[in-house]
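There are two complexes below, and they share chain A, which is joined by chain B in the first and by chain C in the second.
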Partner chain A sequence: MALIQIFIVLSLVFLLLHIMPGDPAVLALGTDRTVDPQVVEALRHELGLDKPILEQYLIYIKNVANLNFGNSITDKVPVMSYIAERIPRTIELAFLSIIVASIIGVVLGMVAALERKKAADIITTSLAALGISLPVFVLGTLFIYVFSFSLRLLPAGGFIALSKNAGAHYARLVLPVATLALPMAASIARMTRSSMLEVLNKEFVQTLYAKGLSRQKVVFGHVLRNAMIPIVTIIGLQFGNLIGGTVLIEYLFNLPGLCSVLLKAISYRDYPLIQGCIFVMSSFYILVNMFVDILYGALDPRVR
Partner chain B sequence: MLKRCFRNRTFIISILMLLPFMLIAILGPLIVTHDPLAIDSVNILKPPSRTYILGTDEFGRDIFSRLILGIRPTLIVALGSTGLAFFLGFIIGLLAGYYGGVVEQLLMRMVDIVLCFPPILLALMIVAFWGSGIVILIFIIGILYTPHFARITYSGVIQVKTLAYIESERSLGASSFRILKRGISPNIMSPLIIQVSLTIASAILLEAGLSFLGVGILPPAPSWGQMIGAAKGYVMLSPNYIFWPSLCLCLTILGTNLLGDSLRDILDPKLNNET
Partner chain C sequence: MSNCLLEVKDLVTAFTTSKGPLRAVDGVSFQVNSGELIGVVGESGSGKSLTSLSIMGLVPYPGKVVSGEIFFEGQDLLKLEEAEMVKIRGKNIAMIFQDSRVSLDPVCRCGEQIVEAIRTHEKATREEARERALELIGLVGIPNPARCVNAYPHELSGGMCQRIMIAIALSCRPKLLIADEPTTALDVTVQAQILELLDKLRHDFDMSVILITHNLGVVAGVADRIAVMYAGQIMELGDIGEILNHPMHPYTQGLIKSIPKLEVSSKRLYSISGTVPALDKMPSGCRFEQRCPEAMALCATVLPEMCVLSDGQYVCCHKYDTWRSAYE
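And now, the complex of A and B:
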């Protein structure tokens, strides 16, 4: 299933790039100045654009199957080496954020549900409503302003390799991860709260209390377990936002990750590089969705 | 119905938050004090003064006027794309749910394809090659949110279509079109209305994000996301330049989200006693 989806994405990317008005070769060389037609022709030949479209498509699919996306137009570096260099940084950012967001979100959501209509609940729900309305780039700029420029506590971005200086590496990740995680934590907290409340109102919870189980055992052993499916769903859905978020965050914090390569590729219309980035990111997205589906089965035997 | 709306506190708050923005969007050109594109190269990044109520940006343009006129493109893109997504998604969901079989497979799998892409990536890619602008943004964002409406409509239709009153309508000789229009549509509207307000909020967010990256609404026309993107370079020099567009953007999105929440409470009686 995931393979079929990835195949569809690939074909669509190919189609989109070929029905776009304008010749990629001309676009890459710059539309505003007059380019020597021979240079265009040479680039077209190099990119294989002078072959019939069906043949191009088959070559493209074959190359992708071998994970070969050709060379970047701007600096002739193989697209794959770009991706291999950049992808660990983006994945690190994404996973740290989703982990932080899940922990904060689930804990706050649980507290809110258990303390329903008390101060803790009201504060959490208002903060969550605010959190889902804050665009990441606004929150990020605010963090940079407060923590880097005014208080001078944390660096405003940039990147230092983990092997060079681990402390500096993580210090530069604190703000981006916090910026990405907080709005996601807000959505997760909202979903956790409503899902927990729904389960807490069920009769079996009363039975468990009547049977003499402690509140802890009821909440962690039974309620949370039953409330987990919507929570997992929303965490899975957050990955879509996460990919959008990393694009904005890498741009804002000057992180040289995969998304910033994509943005650069788009501004230079470097289309082998665009294809490569989109392919990797969409595949990642599809695989995560598949993983979430598998998790459902593990959490709820009825789905299996 | 309206009475129930006004008894809901969140609903009133959200309307009070959104109303000023709606009015400003309509009356915009009457309120502005300067031409939003006029460059005053002597007064660059100035703090608020009598001539420039909220100060000036990096080209010496009036921030207040740009802020006011920045609402329109944002709202047009958000409403237009949500309208498009609703229209397409509703029709796809109705047909797929009502006819089932091959029609369902064809339409719903088509919808699933859109969901294979992370939204902002597809938007970035199309914008990169087709250029940007209000019409293209409406089109892209509309397509991106069609699956949500299609799925909600679809699940509504398959729940309603087996109910007895639809059967009786059919046995009275009603055409498919009449059943869809009179029998099914009105009864599946509530979740769709909630989705409309949530989609508007997401669309504003996506448009602002694209404009922030410089590929949304094209400069020099003003838009909030783009103002934030430009202002982020001058945070220390002129904090109020970034403050105002950020505040407006957050308030609009918060207002729309609250509206969605309150509509959910009002329209979904099952949840009424819970929240």
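And now, the complex of A and C:
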């Protein structure tokens, strides 16, 4: 199933790139008008762009199956090594953000559901509304302004390898992770709250109390698990989107991740690089969805 | 009485609303003796569930017990802290509910739900508890208990789920079992089986049962005594045989007439005309007055008092004002 999805995505990418106007070979050689047509022709041949489109497509599919995306047009580095270098940074950012967002979101949402009609609920819901409505780049800029320029607590961005200096590595991740996590935490909190409230009103909760269970045991032993499916869904959706959704953040915080590669690839019409990036991103998205489906089954016997 | 297990005295349970407190249970008093099965009968909305939830200390928000006393083995449950009530719920007083399929945790195996009930109140290892759960499942008449422990509620029928509910309720050998419409959601044949089971188990386990139903026919065969409730109050209380043969209250008479009988199924089923008055529109007089075929002028304005007809027979109706008041 997941393989078919990936195949469809790749075919669409191929089609789209070939429909778009503009010759990649010309672009790759620079915008200089005086480019020798013979040189362009040589490059087109090297890239296989002079072959019929169907043949190009078949070659493309065969290469992808072998995880071979060829070399980047612009600097001749193999696409896969390019991606392999950059993707750990994006994945680290995505994982940290989703973990932070999930913890904050679920905890806040639970507090709001259990302390219904009280101050905690009002604070959480209004925070959540704010977090959802604020665009990430506004939030990111605000964070940089407050924590880097005004308070001088954290670096505004950049990248230092973990092996070089772990402290500095993570210090540079705090702001981007916070920027990404906050709006996600807000939606997760909202979903957690409404899902918990729904489950708390179900009849089996009364049975649990009638058995003599304490409130904590009812909430943590039963209600949370029953409320989990919509929460897992929204976390999965956000995580799937995150791998492509970090573009602005990587840009804003000057992080050399996958998204910066993609931006560069698009502006130079670097076919192999674009295809590689999209392959990785869509595979990630599809894998996350597959994992969420498996989780559903584990969480709810009725789904199995 | 010496063998009185539970005594509810003048219980008032109300919902706080913008229109002020609405008394859904209004001055209910009755007692349950050891080993007896008492039926609580009345149309929906007469406050039967709320009465039982008041006993359990589980009245849903924004409801609240306003006044009264509930003595269980001589101890007023209403004076207990939540931490103490938790030790009584499920252990000394257990409760089962109407729709058993939604009353079990859908993501938790049936056996596990029984094990949890046992381990909440007793120091038993997981294995001991599992063994007892298996035993209980057999006891409530489920064929193939070994399969059932590992089943999820959605894999079982409504009747089987209700048996699991009963197994959970019995897990700590309670002294009192409150069954709130335990058969309403079930087929007629399954209904009869569950009632039979409850009747058998109360003897085996030597426990008292409060059996709540809107269908007088359900309790007719199994109850020792019944309390007839209407609009938050008890209208008639006493021995089941006595009430079935000589119903005194016009409401009870109406309920008896509306019991479906197999032989006359061709005729239209009798039902008392009108509906239970809304909580915010309770009349100041007798609450049944608007629907009562025998209403008198007095009924519209003055709330009748509970009268003692004979030992243990009570009725709340102006027709019997000449009898001695229950409070004298």
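As a working rule, the second predicted complex is superposed on the first by the 294 of 304 C-alpha atoms of A that agree within 3 Å, B and C clash if a C-alpha of one lies under 4 Å from a C-alpha of the other, contacts with A are read in each partner's own complex, and residues count from 1 in each chain.
Here is the rule we use: a residue touches a chain if its C-beta (ideal position, glycine included) is under 8 Å from a C-beta of that chain, and two chains touch if they have at least 3 such contacts.
Because the structure is predicted, anything quoted here is derived from the model rather than measured.
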item: Partner chain(s) touched by A:Lys211 [first = chain B, second = chain C, both, neither]; value: second
item: Chain B versus chain C as contact partner of A:Pro37, first or second or both or neither; value: neither
item: Touching partner for A:Pro301 - first (chain B), second (chain C), both, neither; value: second
item: Touching partner for A:Gly167 - first (chain B), second (chain C), both, neither; value: neither
item: Which of chain B and chain C A:Tyr251 touches, first, second, both or neither; value: first
item: Most chain A residues touched (candidates chain B, chain C); value: B
item: Touched partner set for A:Pro52, first chain B, second chain C, both or neither; value: neither
item: Touched partner set for A:Asn226, first chain B, second chain C, both or neither; value: second
item: Residues on chain A engaged by chain B in the complex (per definition of touch); value: 5, 8-9, 12-13, 16-17, 20-22, 27, 129-130, 132-138, 141-142, 144-145, 149, 194, 197-198, 201, 240, 243-244, 247-248, 251-252, 262-263, 266-267, 269, 274, 278, 281-282, 285-286
item: Chain C contact footprint on chain A (complex, rising order); value: 202-204, 206-214, 217, 221-222, 225-226, 299-302
item: In the complex, chain B residues that touch chain A; value: 113, 116-121, 124-130, 201, 205-206, 208-209, 212-213, 215, 225, 228-229, 232, 235-236, 239, 242, 246, 249-250, 253-254, 257-258, 261, 274-275
item: Contact footprint of chain A on chain C as seen in their complex; value: 56, 58, 86-91, 94-95, 97, 99, 102-108, 116-117, 120-121, 152, 154, 165, 168
